[in-house]
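Common to both upcoming complexes is subunit A, partnered first by subunit B, then by subunit C.
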Partner chain A sequence: MLLSVRDLRIDFQVSRNERLSAVNGVSFDVPERTTLALVGESGSGKSVTALSILGLLPKPVAQVASESRILWNDQNILGFDAPRLRALRGKEIGIIFQEPMSSLNPVFSIGTQLMEGLRLHMGLSRRQAQRRALDLLAEVGIPDPGRRLDDYPHQLSGGQQQRVMIAMAISCQPRLLIADEPTTALDVTIQRQILDLIADLQQRHAMAVLFITHDLALVGEIATQVVVMKQGEVREAGSLRQVFDAPRDAYTRALLACRPPLGVRPQRLRVIEDFMGDGQGTATPGVRSRGVSPGDEIVLEVRNLDKDFLIRDGLWHKRPFHAVKGASLRLARGKTVGIVGESGSGKTTLGLTIAGLLGADGGQILFSGLDLRQPGSVDTMALKRRIQIVFQNPYASLNPRFTVGDILTEPLMLHGIGRNAADRSAMARELLGRVGLPRDALQRYPHEFSGGQRQRIAIARCLTVKPEILICDESVSALDVSVQAQVLNLLQDLQDEFQMSYLFISHDLAVVHYMSDQVLVMHDGVVVESGDADEVYAHPQHPYTRRLLLAIPKGV
Partner chain B sequence: MNLTAFLFRRLWQMIPTLLGVVLLVFLLFNWVGGDPAYVLAGKMANPDDIANIRHQLGVDRPLWEQLLIFVSQIVTGDFGNSWATREPVSEIFRTRLGPSLVLLVPMLVLETLVAIVVALTVAALRGSVLDRTLMVTSTVMMSISLLVYIIVGQYVFASLLGWFPVKGWSDHLWRNLTTYAVLPILLGLMVSVAPSVRLYRTFILDEVGQDYVRTARAKGLSERRILLVHVLRNAAIPIVTNVLMGLPALLTGAFLLERFFAIPGIGREIIMAVERSDFPIIKAATVYVAMATLLANLLGDLLYRVLDPRVHFE
Partner chain C sequence: MSARASETSPGLWTLAWRRLQQDRVGMTALIVVGCYLVVVLLALMGWVAPDWTREVGVNYAPPVFWADDQDETAQPSQAGQALSGPVPLYGLQDPLATELAAIRAQHPGAQEATEVPRRLSLPLGGDKWGHDVLTKVIKGSETSILVGLVAAILATLLGTVMGAVAGYFGRWVDDAFNWLYGVFTAIPYLLLVFAIAAVLQQKGVVTLVLILGLTGWTGVFRLVRAEYLKHKSREYVLAAGAMGASHMRRMFVHILPNTSHVILVQLSQNVVGFIKSEVILSFLGFGVPVDVVSWGSMLNEAQNELILGKWWQLAAAGVAMAILVTAFSMLTDALRDALDPKLKY
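Let's turn to the complex of A and B:
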């Protein structure tokens, strides 16, 4: 056995008398030349486990129990002294991380960073290391490696940065590659390329791979063995087939079920509670039909919208960068238009411009027949009330110094809704119940809530002013899959109840398909394809749409 | 954008800033400076004397004319003569700046080096007893007044032990550096090193927590190499800023040290000029410091480009 983890227990000393158990008795084996996936949501302890293998946890804070063993060729890594551990790192075991940009040192060229390990572990001369670095860059698919060697990390795209990280990790021919959420920060087409690259290198170099991810669909693409973790414990372990086809554990079953399927569109997504606990699930059978009929009332129409950003160019000049070019869409009452695209496609800019948070440079935004771009044509305050937006990061978009009550009553006050403070606070309390939060949450602060709960607070804040249009800008992208399903269900319930129209912006094609009646595919600021959601997904016309759809991880 | 265009644009942008400084100095002095003629003429002056002096100084001319003269002085670099001593201002700066720099330049260099070394050490051992001891010590050190260091230092090391002269200055750079400037430099460092240590320690700790440090560790690099190569190179960016911000202050000397060690530096001259409302010297000093600040900023931006490949000339 190449690597055996036995009864791993890791505590974090958060303060003098508070310990937090991160990993609680985890055991698994990684045989030679296999790919084992460690799957779990945030807080499952999967990354902590991975980092502990290389001794990369913050020293005095993270404490590994004395009875725990991490056996590398039958030797306990946990007992290694510093020099022995260093000889293992980068030489026998390579690792890549989630954020390639911050994982590379910004002030050294990628060539320098690649050669560092080669010279240290392989004893190569400068010249030899340089030649090897060139080979490595070519191997991981960096075009024109000779020219790229002197580039700095920021000059590469995210996908290329991750390729460089991979080149660095495999540079000394390690026998194990640890990949800690290597594609989570990347676009779906890039994710596909990186997965293929890892699989290819695993074969070619006869490495074992420990693949850490929150995304079960990815696991099916790459792993042969699967370990499912939850709250520091292993819930299920086995071969890929067995875990996917006949999951024994309720949590595994829940994880597999709560991602929106691409083929059918259930009435509601299934959530963890449907599988665990007392079985009081909210799942309702049935399939939701989507689409817009010609008679539907159009609440928002965007015609040929342009948005430019100015970039300084040369000594005095500024040159426009076209973030959105000629985008058009029609949003019907009670319906959802999904906007998909990769980073830099202009989808968020389009959303912000429609919300009035950015000024447009051309085109029309017709809202209930009024052109929002005509100055003075509408009362902007009244307009702001009717279009609300839920952002991606529920940690950054709520004011940490405001109580939930303040957050919810502020918009009421601004728009003069409610007779007095007591009235407004009663409204806020009612909304909290509506989004599934306890009513005593009013007096508490955002940091006391989990990511999913915070996104509910953000949604409740929008609901306070009873908007007609809700723009969801990657609103569920930062959430765990199980929480994502709950929030998506909530959004769906609210739409059914209040007949709100949604602009649902996401890079996640499965989620967009589940939520949308119509979709817009954006690429480089241009809407390359739009139409009925089912139609676009079933018969994509534009090559870019086809490429996107092909890149979706299919599970098994 | 290339380097020449960048430099050109930045130098161009300096002009309005400098004009603002000039206007501010001029107006402030005219509003709150008082009439220098009264100061110069002494207690027994009669109105004729004062009018005479006012005429000599040029303060009886219209304000706009005085402002014009001021601007032309800046352009030519000739700020005229001191109102108090009649000595040309350029001469004062030429002869007094040297001793101040002999004192302050080594002090800045040593301060930076010592601070970086100590900060790296405590950052490497963060949370340890040594780290906490050094942090407490530095707080204590910077809390004590320079005056205390000077008096105790002069008494113990110069007078009692005789390691250094108590005070004095010579005409030879080397002799000054190795004999007369040593004690004042060391005493100055007692106060100035501690804040830098604390600042640089946080800069370094900020970097130690970054993801790339984890990557460096995962590559199998030694802690020493991680700190000295990966971390220091990144921490150098804010450290350089801090050092550059201190450069313009070199022009105003170090009044206390110069005073107690009888060093004929510029600090003394400027303090005396302020006391006497000696406008030409104050004007010159203010304009020089403003220019030095702008140039130090420009130098900083150029250095960032060298230290940080992410920065472009924009």
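Let's turn to the complex of A and C:
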């Protein structure tokens, strides 16, 4: 056995009299030449486990229990002194992290960074190291490696940076590669390339890979062994087939079922409670019908919308960057238009422009027949009530110095809804109940809530003014899979109840498919394809759409 | 989220206060600073050290613990003894006796000039004229701390408002404020202070506060501007905008509380800096006027005294300043740790 983790227990000393158990008795084995996936949601302890293997945890804060063992070729790594650990890191075990940009040192060229490990561990001369670095860059698929060697990290794209990280990790021919969420920060098409690269390298160098991810669909693509973790404990372990086809643990079953399926559209997504509780699920089987009929009332129409950003070019000059070019869409009452695209495609800019948070540079935004871009044609305060937006990051979208009560009553106050403070407070309390939060949450501060709960608060804030259009800008992307399903269900329920129209922006193709009646595919600021959701997903016309759909991890 | 009996929950300020209470060094520093502030307050009300100009001791009276063979009871000085009795005239006629009698008749309440008995030693010694150094140090603390505090508040206020406006609105507004900032930071600090002092043409505590306040806003400005640049595109501010909150509301109701930790730490740092600046300026003679005592003017006097071996005024002012500045600096560090919101969100 290459690596065996036995009864790993790690505590964090949070403050003088507070300890937090991060990993609680985890055991698993990584055999040679296999890929083992460590799967879990945030707080499951999967990354802490990975870091402890390399002795990278912050020393006085993180405390590993004395009876824990991490065996590397039957030797306990936890007992290693600093020089032996250093010899292990990089040489025997390579690691890649989630954020390639912050994992590379911005002030050294990638060549220098690649050669550092080679000269340190392999004892190569400068010239030899350089030759090896060139080979490595070619191996991980960096075009024209000779020229790239002197480039700095910021000159490479995110995918290329991750390739360089991989080159560094495999430079000394390690026998184990630890990949900690290596594709989470990347676009779906790049993710596909990196996955293929890791699988290819694993074969070629006969490495073992410890692949850490929150995404079960990815696991199906790459792993042969799976370990599912939750709150510092192993819930299920076994071969890929076994875990995917016949999951024994309720949590694993829930994780597999929570993701929106690509083929069918259930009325509601299944949530974790359906599995974890007493079996009394709320899931209703039925299939939701989608699509827009010609007779539907159009609430919002966007025609040839342009949005430029001015970029400072030199001391005086400014040049425009076209973020959105000639985008058009029609949104019907009570329906959802999904906007998909990769980072930099202009989908968020389009959403913010429609919400009135950015000024447009051309085209028309017609809202109930009124052109929002005509100055003075509409009362902006009245308009702001009718279009609301839910943002991506629930940790940034709530003012940390406001109580939940303040957050919910502020819009009521600004728009003069409710007679007095008590009245507004009562309305806020009611809304909290509607989005599934305890009513005593009113006096609390956002930092006391989890990501999913905060997103519910953000949704409740929008509901205070009873909007007709809700723009969801990556609203579920930062949430764990199980929480994602709950929030998606909530959005569906609210749409059914209030007949709101959604503009659902996401990079996640499966989620967009589940939510949308119609879909817009954006690429480099241009809408390359639009139409009925089922039609676009089943018969993509544009080559970019086809590429995007092919890149979706399908699981098993 | 645990079920909890009480309806309310700790806000970020409460949490910061709890963190500060955990910090032993920080709490000690806070208590020391608090003691100073109490003394300053008492001095302001006139309850302690009401009049430092009274010449209560003999010239260069040594501190009590330093005085060797003298007993500590108050004794009139030699000269005083000679003057207190009737002046022997050796048979001569006082030529002004009649005028004196007339003046006394006109002002019946007027007292005979009497020499107050002077002390030979004082708690912390006396200066050249026999002023009590303890009283001077208390009065000097009052001046120095008040100048530092008020100037720091003024500078922080200026810097915060300018930084908020520049960072929030950006574009040409930002450019204009940055230009002003550039001008202020480009001129060597002391020269700038002298220039402003020359323009104001008046020596006094108010002038000093103005000088320090008008030159000291730059550090706060830079930090607050950076915070506003960061926060204005945060989603909670965008969400407030989408709700219809005005610019003023977004700037001062939403963003300001979230930058308050930076401002508070900077304010604390400025107090220390300005106390030191006041000392330097007064030492150089550009600070407080002669009828006001401050740590700086005490140190200035101590220059000449030290040659004569009279070290107590220097020691008193130096120690008082050193303790406060050290405590305040440690409090600043503790505040920074306690207020750092990265720990929570």
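Criterion: the second predicted complex is superposed on the first by the 552 of 556 C-alpha atoms of A that agree within 3 Å, B and C clash if a C-alpha of one lies under 4 Å from a C-alpha of the other, contacts with A are read in each partner's own complex, and residues count from 1 in each chain.
Following the convention adopted for this analysis, contacts are C-beta pairs under 8 Å (C-beta built on N, C-alpha and C of every residue); 3 or more make two chains touch, one makes a residue touch a chain.
This one's a predicted model, so the numbers in the text were calculated from it and none came from an experiment.
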Touching partner for A:L120 - first (subunit B), second (subunit C), both, neither: first
Touching partner for A:F12 - first (subunit B), second (subunit C), both, neither: neither
A:F498 touches, of subunit B and subunit C: first, second, both or neither? neither
Touching partner for A:Q453 - first (subunit B), second (subunit C), both, neither: second
Contacts of A:F309 with subunit B and subunit C, given as first, second, both or neither: neither
First, second, both or neither for A:F80, with subunit B first and subunit C second: neither
Touched partner set for A:Y152, first subunit B, second subunit C, both or neither: first
Interface residues, subunit C side, partner subunit A - complex: 1, 7-12, 22, 234-236, 238-245, 254, 257-258, 341, 344-345
Parts of subunit A lying in touch with subunit C, wherever the complex brings them together: 15-16, 352, 355-357, 380-381, 384-385, 387-389, 391-393, 395-401, 403, 410-411, 414-415, 440, 443-450, 453, 458, 461, 465
For the subunit A and subunit B complex, residues of the former touching the latter: 54, 56, 60, 82, 86-91, 94-95, 97, 99, 102-109, 116-117, 120-121, 152, 154-155, 165, 168, 312, 314-315
Subunit A contact footprint on subunit B (complex, rising order): 1, 5, 8-9, 127, 210-212, 214-223, 230, 233-234, 237, 307-310, 314
